[in-house]
Structures are given as C-alpha cells and as structure tokens.
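Once you've had a glance at the structure underneath, I'll fire off some questions.
As written, the chains take the letters A, B, C and D, and residue 1 is the first residue of each chain.
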Amino acid sequence: MADSLQSTDTTQQLAEAGSEFYRRGWVLGTSGNFSAVLARNPFRICITASGLEKGKLDDNGFLELDENSDVIRGSSKPSAETAVHQTLYRVLPDTQSVMHTHSVWGTILSDHFFDRGAIEIEGYEMLKGLAGVKTHEHKEVVPIIENSQDYDLLSGQIENVVRSNERIHGIYLRRHGLYTWGETISEARRHIEIFEFLFEVIGRTP
Amino acid sequence: MADSLQSTDTTQQLAEAGSEFYRRGWVLGTSGNFSAVLARNPFRICITASGLEKGKLDDNGFLELDENSDVIRGSSKPSAETAVHQTLYRVLPDTQSVMHTHSVWGTILSDHFFDRGAIEIEGYEMLKGLAGVKTHEHKEVVPIIENSQDYDLLSGQIENVVRSNERIHGIYLRRHGLYTWGETISEARRHIEIFEFLFEVIGRTP
Amino acid sequence: MADSLQSTDTTQQLAEAGSEFYRRGWVLGTSGNFSAVLARNPFRICITASGLEKGKLDDNGFLELDENSDVIRGSSKPSAETAVHQTLYRVLPDTQSVMHTHSVWGTILSDHFFDRGAIEIEGYEMLKGLAGVKTHEHKEVVPIIENSQDYDLLSGQIENVVRSNERIHGIYLRRHGLYTWGETISEARRHIEIFEFLFEVIGRTP
Amino acid sequence: MADSLQSTDTTQQLAEAGSEFYRRGWVLGTSGNFSAVLARNPFRICITASGLEKGKLDDNGFLELDENSDVIRGSSKPSAETAVHQTLYRVLPDTQSVMHTHSVWGTILSDHFFDRGAIEIEGYEMLKGLAGVKTHEHKEVVPIIENSQDYDLLSGQIENVVRSNERIHGIYLRRHGLYTWGETISEARRHIEIFEFLFEVIGRTP
C-alpha cells in the first residue's frame, strides 16, 4: 500500500460517471462501483474504494490493484465486489471498463423476471447504443443471477454466464444491481445509460 | 472536409438544448440529434456529429453540411439520421431547426398507439406552446411511423406524412423517438418540451 | 412604455423560483408566470413577460404594470393571463405575490376530479406548509375551474370562487395549471412546492 | 440567545445534505430538519431553524441548543420537532446526527402499511447500506407511528418504539415523514438515501 493515485483522465472520467449516476439516483447511499484497466502487462486496474459516496469521487476515492486485487496504490480497502470486476476483465479480454449501478427500475425488473432467467429487450432503437448492435430488431438478453454475499461463488456464476452468452452486454444480480462493461470508459458509461433507459421503459409499460 | 465550426450562437443554442435534454433523460447514451439552417442559398445546415454524448457538445460536436449532406466543415461523419433532417428542411421551407429526442414516455406511447396511427392530444393548455395554436381545444396529431434502419425509406415515408398532414408539429418513429421542428431553434426546443410534457401526462393518466 | 426594470430583490426572487420550477418540470416550454406587488399606491406589479422560457429570466423577462395592466416599464407585451393575477391582487388585499405553474400531476388531477369540483387534500403533514394551517388534520380544497381562452370570463369566475372560499390557498384551471399566492414571494413559492408535492402524492397513491 | 453559529464542518455537511435532499424533492416547502451533536458534556446540538427552505441553508439556518432545547446560539426559534431529535439522542447514545425528510413514496407507504404497523423491507442488496447490516437477507422494520401535533406525545411514543425495536434504523410518522439517524452525519445521510431508494422500489413494485 502506498501513495494515492494521481488525478488522471481515467479517474476523472470515472468520477464524472459517478457524479452523473448519483444525480440520476442510480448509485445512492455509497452503492455502485466503477473500474478501468490501467495496464494489461503487468495487469493493473483502477477501482472505486469501498464505502464512499459515488457523487463526489476525488483521487482518494480510487485504488490501484493488481490481478490478485492487492492494493498497489491508495490507502483504503477494495470493495468485496472487486472480485466481480476482476472476473469480467479475465473473461472478456477486450474490456477496459466495468460499471455497476443500483437503480429502482432495474431492481424491480430483476425480481419480476427472475423466474424467466433474464430481462429480454427487443425492438427498441436505443438498443443500437450497445456496442456492435446495428438494428432495433436486436434482442438483448440480460441474464439475472441470484444475489449472494459469497463473492467467489458469484464470480464463478458470472464467469459461466458470460462464457455461455457471448453476445451479452450486461448481467443483473437479482434485487441488487447491473454490471456492464465496455472497450472504453465512455462505452461502459453509455451501456449503463442505455440499459437504465430501457429498464425504465419496460418497467413503465402497462 | 475542412476546419471545425466556430462557436456561434447557433451551436451554443443547440448545445444548451442538448445539455438540458440530457439532464431530463431525453437523449441518454448518445441518442438524439439537433440541427439548424445556417444559410438557404447555398443551403447549409449545422448538425450534431454521430455517436457523441449530447449533454456536453462543444464545437467538435457539430458538422456543417450542404444539401447533399456532404461535409463542408468538421472532421467526423454525419449520423445516418441526417437524411430525416434534410427531408424535413426540404418539405417545410420555413423550418430553421429540427430536433430529435428519445424519451421513456414517448417510446411507450408510440408503441401503445401504433395501431391507431398517431398519438392524439386534445384539450390541454400546454398545446398553446406549439406554433400557431391558439386554444387548448386544438387537437394535435402526432403520426407514428414504423421504425426502420433504411433511412431513405424512412425519409420518403416522413415526407409523405408531413405533406398530407399540414398542421402537424412533430412525428414519432415507433419505439424510437420524436422529430419536431421550428422556425427558430428556441421554437424547436419549446416543441420538444411541450410534446414531452404532454406525452408524460397522457402516459401517466390512468 | 419605457426603460427596462432594474434588477431587484423582487426580480431575483421571481427568477430563482422560475429556475427551480423549470428544473422540476413545472414550467416547461415558456408556460407559467409569476408576479409580485411593487407598490400598493399607486398600484404597481412586476410580472413575467409573455412567451419567455421561465428557467433563465433576466431583467428583460419582467414588466412593470399598473392596475389597468398598462406597461409602465419594460418593452414587451404582458401575457393574457395577467388578468388573473390582477384579479387575485384585487380580491386578496394581503397578497404580495401570485405564481402559476403547469405540472404533470396537477394537470392529471384537475381532470380526474373535475366532476367533483375540487381537489381535496386532507391528513398530510405537508399541509402545514400552507399559510395559517396548524395541523395535518386540515382539509384543503383546491377548486377546479373549467379552462377557457376568455380571460375576462376566467377572471370573473376566479373572483367568485375566491370570494366564496375564504380559506383556500390556490385554484386549478382544468388541464391547465395551478394559481397560488402568498403574502411574500417566498410564501407563494412555498405554496407551489407544497401543492405540487401533495398532487404527486395523491396522483401516485393506488 | 446570542451570536450566530460559525460555519463549521458540521453546518456545512448538514447544509449539503439539505441541498441534495431538496434537489431530490425530499424536503420541499421548508419541510424536513437535520441536526448533529456538537458536544456530549455539556450536551449541545446544532439543528436547522424553523420555517426555512432546506435547499440553501447558511449559518443563519442553524441553532445551537442545550439538552432542554434552550437556544445557546442563533437568533430564531427551534422547530417543534426538536423534541423528537432530543428524544432520539437521549435513547440512542451513540447517535451523532438525526435527519428527517418528507418524500412522496415514503408518505404513500406510511399510509398503505399503517395497519400492519411497519414498512418491512427484506431481500435487497441496498439494505447493506444501513449500519451493521451484512447481508441482503436482512429484514428491516420501519415502525409507523400515527402523526400528531402533540410533540411530547410523539416523543414518548418514539422513545417506546425505539427502546423495543433495538435493531431499527428509522421510524416513520404516518403521512408525515422519515426519521433516521447515524453515528456520523454522513451515516445519517446515507440512511436517508437507502430508505428513500427502497421506499421507491417498494412503492413502484406492481
């Protein structure tokens, strides 16, 4: 454990996403966490520290971790959910950023559709905001995984789900929150916005 | 393709509209686009570039196009939806600005009323915010067009709908978004606000 | 018609109310208007000019009028709804400020309860935010008047309703908007917030 | 009664919470109040003064009180609800801050679940934002107390409820508002956000 991270474009982009998501009510009460890859070799990520309000992240709000989640820089503890971020980076080698939010509509849908195993979204123009999607006729599947406090177990389940659903852009932990990712920070942030918009549309449709 | 646009009152007004619409959740995840006529002869429009977040548009966020949508100034690609803007400027010669947003309530209503062919709005004082409307007894018809990725096809359909519905102020692409227009940028922006307000009223009315 | 108004505490307070109400979606698309008494003898009010966006009012956004609604200062036209403000100042001699907003929930309730003649609100602690109300057991009656473009007719009806309902704090024009008032600008603004909160509570209650 | 309070970290944190809660619509129209312990011996609290807008609190917005609610510093009257804050500090000796908000969803749920005596919340990850809660399987009980204008009576009831429900983090006054608390100001603020999020989830769940 050593000095704090310097302010960088990476931490600024993650902090701006946090500020915006807080304003929209998607990371209330210190919920949510965001990370980005700093280097692949040796592997280093920057991730929000545990237990902080996400609307006003400064440099002390981030940690630099290696692939074992040992703290390289920063003076606080990584969140237990760091294991999920690390799993996603391992399974999805092009991913440069992982974001996790807790919204009202996502929470409700993840419970409502739990028995079907996924939130399915089809026929909306906004789907084209997901990387690689070219038409509104696309059907996006957001697998729902039962929530747990055993993050090793969760990480293993997430790995299986991601490996067997190649084209997905996100997963939902039931009554907990969304994980999505992107090849840039702005792509991950865009995916959060697209999913939250579509969750609200589905949740409000009579 | 040449230099970027200078900051002008036009780009500032469009950027401010983008910032406000983003805050309200009407152009999440790089959705939406806005344009204005710079000159009629030769014909020049200023339009948001493709794939950008609409909450923080700066001068690099806009392109200057001629009537063939060739880029006169700016260094990125115009959006595929530029064809719709060009069609509206051609069919509606008094129009100086076109705006396109994606809202939760509009998306829901455009699907719900698709079989009837239009969202009909009647009896609200807010209708008087639409150009030329003098009484709340006015009945506004917002035609709904099936969404498509074939923008030439869409543009043709939009042209037909606008030509055969002289008094309309907007059209809706099903499960996609609203197009509206005005004789000034502020009129187009006002139309967005009026429609989104009324869509929410209709969507929430039991 | 003469110079514009100087920036004063009065115009600043009205502009701040406008900015906040716009942010909350209660005066979208140039809807709404706000006024305050500048002097009782001779009678002078300050009122928002017609057709302006209410989120960014500067000194050019206000007019000074006498009791006949002739423009003493300012260079634009008063809104047709000025007649309602003047009526309220005449009938309620302690009133120093009148505010008018258009909200989604108010619009819906004013239609839903039109046949009963009023929105009735009882049993909420927030009622104590209305001037003179000492207990949540208070029953507030918000009379609903049919909307009209004949503002002389409307003003007459409003006068009758206010004279025969001494203890009311506001009236609703059906599918149009709320009028409320106060002995200070901040009291009128507080009344807007209290009513809009309670309208949303009633509108969302299953 | 003497000089006003100096701006301190305590007043700034409470003012920031007020600004944020106002923005979210949880303390509209001068509703809500916030306090924090300044010293235990002699006992001193800092609390918002009565009748002020909570979105823009400055140093004049706070009073310093002793354990009898006599004003040590500040030049206005304490709110009648001060008695509830004092009761909570007496019954919960580790509490350093008490916060009280009025939200739309909380108001609705407090009425809907009144006959059951409590709002019960179970199975949500966000519950882990409440101090000491380690798993989403936790069941949080928010007792509902009938509203009253007799604050001595209310304080007595609140004392009984808190003493007989050791593990609770908040109570609701029916159709009035939430009281929650924390061992720091930021913990009390976090509890507000967690409860308001969960009230909205429950209120919107079909």
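What to note about this one:
Rule of thumb we're sticking to: a contact is a pair of C-beta atoms (placed from the backbone, for glycine too) under 8 Å apart; a residue touches a chain by one contact, two chains touch by 3 or more.
Owing to the predicted nature of the structure, the values given are computational and were not obtained by experimental measurement.
Touch-path distance (fewest steps) from chain A to chain C is 2. Annotation of chain C and chain D: not jointly contacted by any chain, touch as defined at the top. Among the remaining chains, the Cα-based centre furthest from that of chain B is the centre of D. Chain centres here are Cα means. That of chain B falls 32 Å from that of chain C. For the pair chain B and chain D, the distance between mean C-alpha positions equals 45 Å. Across the assembly, chain A contributes no residue that touches 2 or more other chains.
For chain A in complex with chain D, the touching residues are 25, 28-31, 53, 102, 104-105, 107-108, 111-112, 147, 149, 173, 175-177, 203. On the side of chain B, the complex with chain C involves touching residues 24, 123-126, 129, 134-136, 186, 190-191, 193-194, 196-197, 200-201, 204-206.
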